[in-house]
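Here's the structure we're looking at; comments come further down.
When the chains are written out, they are named A, B, C and D in that same order, and each has its own residue count from 1.
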Amino acid sequence: MKKILFLLVVVVMMTEGQTVRYIPKHGELKYTFGGHAPVLVLKPGTILETWTEDCYDGAVTKPTDMPSEVAPIGRDNPQTGPFFIDSAQPGDVLVVHILDLSPAKDHGISSHYPGFGTLTGTEYTALLTPLLPEKLWWYEVDRERNVVRTKLETHVIEIPMRPFLGCIATAPQRGEVRWTVTPEAYGGNMDYWEVRKGSTVFLPVHVPGALLQIGDGHLAQGEGEIIGTAVESSLHVRIRVDVIKGKSILWPRVENDEYLMATGSYRPLEDAFRIAYKELVTWLTTDYGMNTMDAYQLCSQVGIVDIAQVVDPNYTVVAKIHKKYLPSGKSFGGAHERMKH
Amino acid sequence: MKKILFLLVVVVMMTEGQTVRYIPKHGELKYTFGGHAPVLVLKPGTILETWTEDCYDGAVTKPTDMPSEVAPIGRDNPQTGPFFIDSAQPGDVLVVHILDLSPAKDHGISSHYPGFGTLTGTEYTALLTPLLPEKLWWYEVDRERNVVRTKLETHVIEIPMRPFLGCIATAPQRGEVRWTVTPEAYGGNMDYWEVRKGSTVFLPVHVPGALLQIGDGHLAQGEGEIIGTAVESSLHVRIRVDVIKGKSILWPRVENDEYLMATGSYRPLEDAFRIAYKELVTWLTTDYGMNTMDAYQLCSQVGIVDIAQVVDPNYTVVAKIHKKYLPSGKSFGGAHERMKH
Amino acid sequence: MKKILFLLVVVVMMTEGQTVRYIPKHGELKYTFGGHAPVLVLKPGTILETWTEDCYDGAVTKPTDMPSEVAPIGRDNPQTGPFFIDSAQPGDVLVVHILDLSPAKDHGISSHYPGFGTLTGTEYTALLTPLLPEKLWWYEVDRERNVVRTKLETHVIEIPMRPFLGCIATAPQRGEVRWTVTPEAYGGNMDYWEVRKGSTVFLPVHVPGALLQIGDGHLAQGEGEIIGTAVESSLHVRIRVDVIKGKSILWPRVENDEYLMATGSYRPLEDAFRIAYKELVTWLTTDYGMNTMDAYQLCSQVGIVDIAQVVDPNYTVVAKIHKKYLPSGKSFGGAHERMKH
Amino acid sequence: MKKILFLLVVVVMMTEGQTVRYIPKHGELKYTFGGHAPVLVLKPGTILETWTEDCYDGAVTKPTDMPSEVAPIGRDNPQTGPFFIDSAQPGDVLVVHILDLSPAKDHGISSHYPGFGTLTGTEYTALLTPLLPEKLWWYEVDRERNVVRTKLETHVIEIPMRPFLGCIATAPQRGEVRWTVTPEAYGGNMDYWEVRKGSTVFLPVHVPGALLQIGDGHLAQGEGEIIGTAVESSLHVRIRVDVIKGKSILWPRVENDEYLMATGSYRPLEDAFRIAYKELVTWLTTDYGMNTMDAYQLCSQVGIVDIAQVVDPNYTVVAKIHKKYLPSGKSFGGAHERMKH
């Protein structure tokens, strides 16, 4: 495998400039995290302008299209990439600062797929009871008012638009290749709304080049994503990548101007919750010099939890803390501050 | 049992006025939800002024007191009440509007009790590994700046004061009597910060008179209450009670000027999460005329989740929605609007 | 409360003989664990002959009776007792040796109640999906062949009869009173088939007299009791009671000639599993002098797990070990050996 | 990827005879399920004689070797294969009948690895508490008495030898490649003791050729494998493979002369339990013509549950039923009966 990867790597062009643009053809989209040769090599510091397809693989094109009929099987959450980040080695941290995200289509889509969601029996919460019907909601993108809008039976709803990447991943640890619907320690389909403009995402590096993939743009989403989908859309993406050497993390983290955010993606929900908070406590002890019990106490009083999603094969929980409660210290050597300019 | 209760009931005084004051003696505090004769009968519409002891039964009086040494066993979360609400019958809804809460002592206390908390083995997550040490943090109450303050090894932290009732309960269903540390369908130790000034709490009524109990004041708390305690304190309490006839709920709900909030308290965390969201969806269909799939969709895009606590014998999750997304309709016949004046 | 109990206690007759017979009238059956005055005081060593009603409160009397129509609400799992065991004090262990159990009716009943069971949404695994229909199976008791028999659409099934007590409980800890459908540290509705003739059950004592209750006879049951009920029946019961002073247990245990069995009843299923195995490891270290890591290793290689039920408000898991693998030692001072004669 | 696989496939020799022998060199062992070119193509009906390395990659060679020191990272549960089964296509069922398994070394090994096991904090049940120490037990293989034997501090234990394959897998669905410690719908590290001599294993086929892998021999194991390992060993293996066309299964199944067994491998443990029983109920309806409610009822009364392991990234539960309770019918067209001769 390694030799084959190498052969493919050498044919991609090493980028030299500050900003690189890559718009995938449909055939270049990927349907697993890991297992793919890179489409581009990026030097640390490079700005990447790219595009992501929606979670339906672009197959739902009008309000009457039912995903079960038009979306090809095995083509969920198509990914753009992977991008080989030069110098990234296993044990390093990949840093992705999100400079901009904007809707690439004039609509967003949400649907319920029978057997997928929080309030239904599923593939794993296996029951003998009937399922709910398939149903699709078509959202109009109103760029001027920065909302998405759809008509329910009772009323029209307008929801503030907050574009974010549902998927952001490095290649998984232990040589694994994972379905693009599954989040885990490599990131993946975390469906977390703070992976948006102005945030810096930290991902563990498990293979040379990290092999960054992104996809599954959302324009709006509630906590838990309980019906199984957000307001799904295609996105224009502008990110800057970097590598932190000599520092390891076990699970993805996010930082913005106000918060440190630690993610955990597993089952049961208790375990995702435990992972997220343990990572946050650990962050406070390693980067801010707090002792464990004080960090535990601080999180107990000012910690905030975001329940990103409770529908995917693993659930995603985020524990976060406002920076105003922290002692002096720098997270990842000040990477977020440095990258946002 | 019923006859005995009746005999005790007749000796308490029926309140007649608009505002009633009841300050319990220590011996009048209760250590279970249910199982007690009422201390007072309140007419619907009455304002009650009362007081709650802290979760340590008031036994921790200085920073060097260790709860395991000074706090009496079986005296956790002492409750004030129960209050018999006149006319409340099983199947009704008890309404409690919180007019005011303020700290009744000049300090708050938080501690870690070995074997209790999110990031440790516990009585139920039974492991063979060692526990963490007992530790106590003493918080100063600064009324002027409206913060609580404590000194950690690395720095002093100040946290905005947000007094709320950790416990609010009616007598449990099915004749149960429950430990004051356990939340369930009757409410109880939900440790939810929106049970505060300006909120209206809706509780299921399972016995004549509802038998309202309150206690376990918190001055500040993070999501999950992961170390096992909030900033615990004694509170001055001012509430108004009312009864809604002919409408039933399965789990407690909360409403304030902005949000509808549905609670679920159970294990595993997935189930508490499912209960909370199912109750919220149900609320939208019964009080706002939405169809189930539309309500499910709406919650999926704008629902918010508060993880109240992941430490008690049952975990508490709250699903909420901002009222701006709702069609016309009135929650509980407009009880919140009516009671806040 | 304590004073009231005392007054009631003095009116019951202290039993003097070796064998006592108590057959409850229907009005004497109890519908909670805890919260009741004793019906009888038994000296340690006494043999009790008694009778238990079926889980339907005896209301289902023919194959066409649907429990949802004929069984009174709040009358699940009626209990016989409580029995006050003289000398039993909090912190002691109540010992119940089962001398004989036999069916007291000529039929057994199983049914599915919509929203209760393993493979359906439930009160706690709260979903928006439809439920399964109510359905009842009527089993004929064939004493000669020692089987129960019913006719399915495809064929007649005969199942070996193995009468056991679905419920056996002491009064709960912390002053709790619990629904008769819920098992916990006090025992209760564990639905465990080894609570049968020849077994010795050890229960924690939380109140003076222990206040033993039994009920919910089963004639046959699979692991998990997944449809929500076993082959339910009324039983004739013959047990001997005893008290072990100066030894405490946290959760119920069972012993027969071959096995040590430790139970755990909680949610999630992982936690019930952890409790059961931790209790078994602890048993090996306290009564058999093994070190913790060796006991952990031994259980890992020869431990057996019985999944009693995965349908009640708490799930019940039993971890057990065959005695042939144990070093010399005596469980509870040889109580099982002593009591079976 | 597909083209690359094809090129590798053509260089392996198509087996023609009835019995084929393949003993892997150490460098040919695999450390993921999926992602590998086949080592051999087998025609349906072929008998394969092969060998599996122990879970420590053979690196622990004496009682004083600590796995954390001598076992290479990322080399857990080495797999033999994959074997391309001619004619197997996605949607078919791969059948593996186990003709013989016997220990290939004179010892078995069990150890506790800190942070892995049921009664400890783990990578996923992430806690702040300390871990248990690493410890290894060396078992002597006594072929004459058919036991494994080790010395504990208190006594020597002898455990009947019951060799089985801890791992048996096809390539995962959705193009995934998984760690050899993780079981899922493809089978994998189920650690289930009925995958032994005399059993027939049915596995879903997700890729052309199925790509069967086996490994992780166990000589003995308790239910749950709670310390994290069984009595681990290298095995001589003799199996017969076959393919069933036009019949699909979602999760692995096992059949022997007495039982039908359906597996589920997921988290939480409730979900693994639900999957296993739903699969068993489904088996009874599809192959034995039972209606769903009758099959649910039958499983509720005579179903048996084996808890294979509660330590891996997914937990494995097996629901089984004795064939004497079934109506006439044939499981998989009588494949088990046919293949055992």
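One rule holds for everything that comes next: a contact is a pair of C-beta atoms (placed from the backbone, for glycine too) under 8 Å apart; a residue touches a chain by one contact, two chains touch by 3 or more.
Only a predicted model underlies this, so the values are computations on that prediction, with no experimental measurement involved.
Chemist: Go through the assembly and pull out the chains touching subunit A as well as subunit C.
Modeler: B, D
Chemist: Counting C-beta pairs in contact, which comes out ahead: A-D or B-D?
Modeler: Greater number of contacting C-beta pairs: A-D.
Chemist: With chain centres defined as mean CA positions, report which chain is farthest from subunit A.
Modeler: It is C whose centre lies farthest from that of subunit A.
Chemist: Quick one: subunit A and subunit B, Cα centre-to-centre, how many Å?
Modeler: 35
Chemist: What's the distance between the Cα centroids of subunit B and subunit D, rounded to whole Å?
Modeler: Taking the mean C-alpha position of each chain, the two centres sit 48 Å apart.
Chemist: From the C-alpha centre of subunit A to that of subunit D, how far is it in Å?
Modeler: 33
Chemist: Subunit B: which residues touch two or more other chains?
Modeler: Only 119, 125-128, 132, 268, 270, 274, 277-278, 281, 296 qualify.
Chemist: Note which residues of subunit C are touching subunit B in the complex, please.
Modeler: Subunit C reaches subunit B through residues 1, 4, 31-32, 34-36, 74, 123-128, 174-179, 250, 264, 266-268, 270-271, 274-275, 277-279, 281, 292, 296.
Chemist: What residues of subunit D sit close enough to touch subunit B in their complex?
Modeler: Its residues touching subunit B are 119-121, 125-132, 268, 270.
Chemist: Residue numbers of subunit C touching subunit D in their complex, please.
Modeler: 110, 112, 117-119, 132-133, 135, 137, 152-155, 157, 159, 220-231, 268-270, 273-274, 277-278, 281, 288-291, 293-294, 296-305, 307, 310, 315, 319, 325, 327-328
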